[in-house]
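The following pair of complexes shares a single chain, chain A, combined with chain B in the former and chain C in the latter.
Up next, the complex of A and B:
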């Protein structure tokens, strides 16, 4: 039994991903040159909007030191060495050179709520606000014209240069009429295709825009799909989660500003810097998992001692995201901190696979099987029932072993 | 008669799923109005067949704004079905999360979504900070952050904002419009608080995250209780909550409430005339359980009931069986009558579209179906829900606490207006009153939450760390039905669930915006938004401040980028209202 336990422990304590965080001096030197060149070019281009982050920060009463602290954290989040920090700061200042057109489709506004106004006006959010301001300004400045013309104009002026950010799913059933927009009642699908057509890249924000999310949950009454099912022939970046963490959205746009390219993505088009690890890999309760200490029932002794939530349905071992590091609401808390398991909200079809309060081993989903120790690329479409059962076995095995040790 | 057709419409690349069409006559008075939601997701259908214990997580995604409320209502519906009573700690924690949402939501609504309908930023730049500091002291002995030096600094900051053209913050304002009535000094005080509120609300949202894990979309409630055991056991965590609450409470008392009193006094004329009153039928489901005797038997902070025709002398007891959802003007299948009770509710789409006219624009077919929102009725009557409804019902119920806070405010208002007595309670039946009711309620909430935090700490200290009530799922989920009916910041929010053999058989949600933003009913009676707009004079259709004030006073939780165009489709103006709440 002990041998089996060790084998399983080894299996599950292995890093979930094979992201290379140190690629050697040559790589970083060359990357820095590319970035310097890119930023120098950007600096020569006219700003898409009048508002600069420097002024915004000043008006909000934040000083340069706060800004540099943020830049340093953003640098780490993008998995770059710390000598890139000044470049990050410069890129943030040049963000108004990259026009962004932000559209909202079949959604609950949770991402907007998370990002644009409600919670903490951290520097991440201010930067996003600055970006969306440009968009508003671009579209709304010329009063007296029909709004359609404003959009056309912006798309024409910044043809091939703007990022198209999308929130919400796209309903395809009933010829797309479950969602219409504008005085001409254009369907969400047509609207998306029109705006995405001349963009440099499309950024899908939140799980509805990336994988269909809530509206696409079974039986998917409106035939909802994600952006990548509709838009073809464009680079697509998916930033899932419900809601998406503002830090990951800023990170992605920063990367684009820095390099003129989209960040390195996994097979689900998610940036690896944010979705390269499983929740489980960096979970604050991980030690309890390894020690075989589990919450068995809500509010029990285990819960009072912050034990592992796997048996209460935590999907941290199947979910790739950085919540365990970044947390929410200015780092105040996160779901596992508040005693509830992860529901896998950054994974495709999580409403039908993960969002329940029982462990995977107890569910009856049919899902593609695969090896347990998988990288983010190989981990695959959703869940591994095998992994669920495997962890279940470990949970039982380690509890027995733990008890034994305790008895001695 | 030369009437103009105004489309208040979601031509929106930003966000927007609400459309309002209004007709104004030659005197610019609104004679007809139609509200329509243009997005459908089918969440009630998606919930069918799922495990009822997981319903809350999904139902919460109905809305990213009152998100925690949907979560709790859904879980309470299942608890009601299973006859599970939650432990005291769980009840208080839920009250604290919800209470924090009210405080956060109301403050953000007033300052960041609504204040600029009343406050003119550019005027603030002309103010004398010294006089403004003196003005602040006229309204309270302890003004928040409104000393001469502070106001001077703020004025300089605002000058910078204006120079940069920071539209995001000030985009809804019509600077310099003559219908702004506050003095430059009063405007400066309000603007100072506007900026201070940006910072305050960050801390307010942290309160929700302490026990909720994150916001929006918290994740710490389960059928039977809550999961945040560690957070309630930790005295540091409770102290952190209390300190954040205390800070919020000071701001509510010395800034928010005072600013509403100041603006309410200046705009009292509109309130006394009853501008924007609308239906005058008010309903509250009641909320915030104050003891542990069970869901619908415990005493409540907000009483439940119905007030008809603004008659505060009679409270009609609430009977949930009288709620029906009429689909005569909504894009769903169903008969042309008052509709079905939510337990029997059906949500089968039947889309009939908009009518494309020669001008290239699409118009609502207002004679038939024109919205994805159903028209809920209570006892075959249209209702308004929200803070105003809660205060009206509280007053009619003779509730001690509600009466105290409301009378306090009306007394101060009476004094400020130079009346002999308190201002009449009927002033709250107006656009201004709707806004004042929200502020009155926030003060009440911030005070009572201080009591709740102490109650929680004392209970935990006494050795009770129970957060969950055990139940035998297989036994209770064979054949059960229940409802979770209580209040969201925006009004009555109910979830109804029928469970068979451990699975959800039927699920219906009737949310605040269903009540307030609904289209016509089968008798062609208007919904709350529609009704409140009728008779409103739009002094300048290019700057429809009056429409904004009334629509904003409801705190609409429907994504809505509003555009006003004239009959030729020429856009006159555009403005963004708020976020989304369609089912």
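Up next, the complex of A and C:
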């Protein structure tokens, strides 16, 4: 606990949280030079995968125009000026040069599923199909010893160059035996450390991998923690949310392809381009919040009129994510748009502290005194009642037995 | 029996006290609304004409700022008051500790034992108020942390220094409360109840002193003085 707090304290004091969206012509000129150089280098290297974005787009019936529209949107999402659009498009074409090893730990594979299972994939999702995915338990045909060998080979071939994408929490209780993989029963912790060791950077995808997520929810029987609690001495990028938005995964990998570096991160190691803003401030129902127009119960007049979901427990005011702008499934919709409040899935400890579907004041938490969980208001009223009883007893006692000055 | 008048609070101090008292009531009424909107606005009215949450938040922030400024005044008085300087009564010296317990004993024995000088602001009083001021500082820091969440762009109407300063001054409250934005909210809400409990005791104790000490203590905050029996 103390160690965790120290780590948090260090993170909070590390860097400011200002998001600078205009850094001046000089900065962008030098950035463009860096990117051009990097892309030229990448172009020289052989494609690690056979799939390229051009033939994937063709197979899906999308033309170059759709692709360029996506590139300009991705450029904006990465907070770059519009003249970077051709570079983004080129980077997407060179995505198959960056080897990725995707490992799966204690989770539901929901992040993989979110990317794979859409019936009309977005270009974000298609691009993730073209990355040179060297190893992924969910997708690959190989199994058993063949899979293990494949992992070894990929780690050896692309030593120091591959991105290690991690999905899922790491159980530490019982020496990590809650999760093992392979014939030698390697624990998830050892597995992660082994793969992360030779990687260029580690990308934790989804809330389980970033903060422990649902497996780490109280009472956390498996002792689950996130990647940043285990892996030290490597650049770590956290892309939380449940599931992580494919747009943000693509954005992060794009940034890596473009610069060879990780994007600017906030105090929780989340890319600022995606987690720099609060859901509440970009919410389409924000006006109803300010007006005091709330949904009081599911299906009421307020719900029919798309009123604010704050009283139904929406945690948009405490949650930093870009889903109110980017949305999910090709921008089709997002939780609040569908009439359900935000559950704060991109924040640490969201299952215990955000996802109760009640306003904070009505949520049952562990009280400071311990014991049965109660709401802050219940605890507070208990405190006031105790104070009132104490005062009452003292007042009555004073009237009966007290001594006024001058009394003899 | 002769009584001597002792001045305890200047006019400015009394105004400060009542500004704080009114601010606190407004902060609690609006703060409870922000935490859980407990009344509904008229659904038939167009949104632009009611703006209920926005007004509540505005009032909450305005009284918070008044509160903060008055706290700065109080902090100044801790060191430069022309009455007995409160910081001197907080130092855990033998004299202060014995006075603290003498006043506590007076309270517990229902004024049957009174062995201290009740003409000045005693150590018990000073410690009691210090607890209150610490809670106010905590409310200020956690409140500003919650507020700066809305300034994610790093800009504000008064310049970029303001959110930068708020981050610098208040980001540690995230760490201190448990690491999430929600923990800061929970702590802000719990502390409100602690402050209300403090106020309950404060009002009771002042009335109790007035009745049992018979020195007109309630007048300290109204007229600025109390009376002491001349020996």
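General remarks:
By our rule, the second predicted complex is superposed on the first by the 324 of 408 C-alpha atoms of A that agree within 3 Å, B and C clash if a C-alpha of one lies under 4 Å from a C-alpha of the other, contacts with A are read in each partner's own complex, and residues count from 1 in each chain.
The criterion applied here is as follows: a contact is a pair of C-beta atoms (placed from the backbone, for glycine too) under 8 Å apart; a residue touches a chain by one contact, two chains touch by 3 or more.
Predicted model only: the values in this text are computed from it and were never measured.
In the superposed pair of complexes, A:339 makes contact with chain B only, with no contact to chain C. In the superposition on chain A, A:217 makes contact with chain B only, while chain C stays out of contact range. Judged by the touch definition given at the top, the superposed model places A:54 against neither chain B nor chain C. The wider contact with chain A, measured as residues touched, comes from B rather than the other of chain B and chain C. When the two structures are aligned on the shared chain, A:290 is found in touch with chain C, with no touch to chain B. By the touch criterion defined above, A:157 reaches neither chain B nor chain C.
When both complexes are overlaid on chain A, the residue A:103 reaches chain B alone and has no touch with chain C. In the superposed model, A:83 lies in contact with neither chain B nor chain C.
The interface of chain A with chain B does not overlap its interface with chain C at any residue.
Looking at the complex, you find that chain A touches chain C at residues 4-5, 8-9, 12-13, 16-21, 267, 276-278, 280-281, 287-294, 296, 301-302, 310-311, 315, 317-320, 344, 347-349, 353-354, 359-362, 365, 368, 376-377, 379-381, 383-384, 386-388, 391, 394-395, 397-398, 401-406. Across the complex, chain B is touched by residues 50-51, 55-56, 58-61, 101-104, 106-114, 116-121, 129, 132-133, 135-137, 139-140, 143-148, 151, 167, 171, 174, 177-185, 191, 195, 213-215, 217-222, 224, 242-243, 297-299, 303-304, 306, 327-330, 332-340, 343, 351, 355-357 of chain A. Those residues of chain B lying in contact with chain A across their complex are 7, 9-17, 38-43, 45-46, 49, 51, 53-54, 57-58, 61-65, 67, 87, 104, 108, 112, 157, 160-161, 164-168, 171, 198-199, 201-202, 205-206, 208-220, 222, 224-231, 233, 349, 351, 353-354, 356, 360-362, 465-468, 470, 559, 563, 565, 569-571, 573-574, 579-581. The residues of chain C lying in touch with chain A in their complex are 1, 32, 35-37, 40-41, 43, 47-48, 50-54, 56, 107, 110-112, 114, 149-150, 152-154, 160, 163-164, 167, 171-172, 174-175, 178-183, 185-186, 189-190, 192-194, 196-197, 200-201, 204, 208, 211-215, 229.
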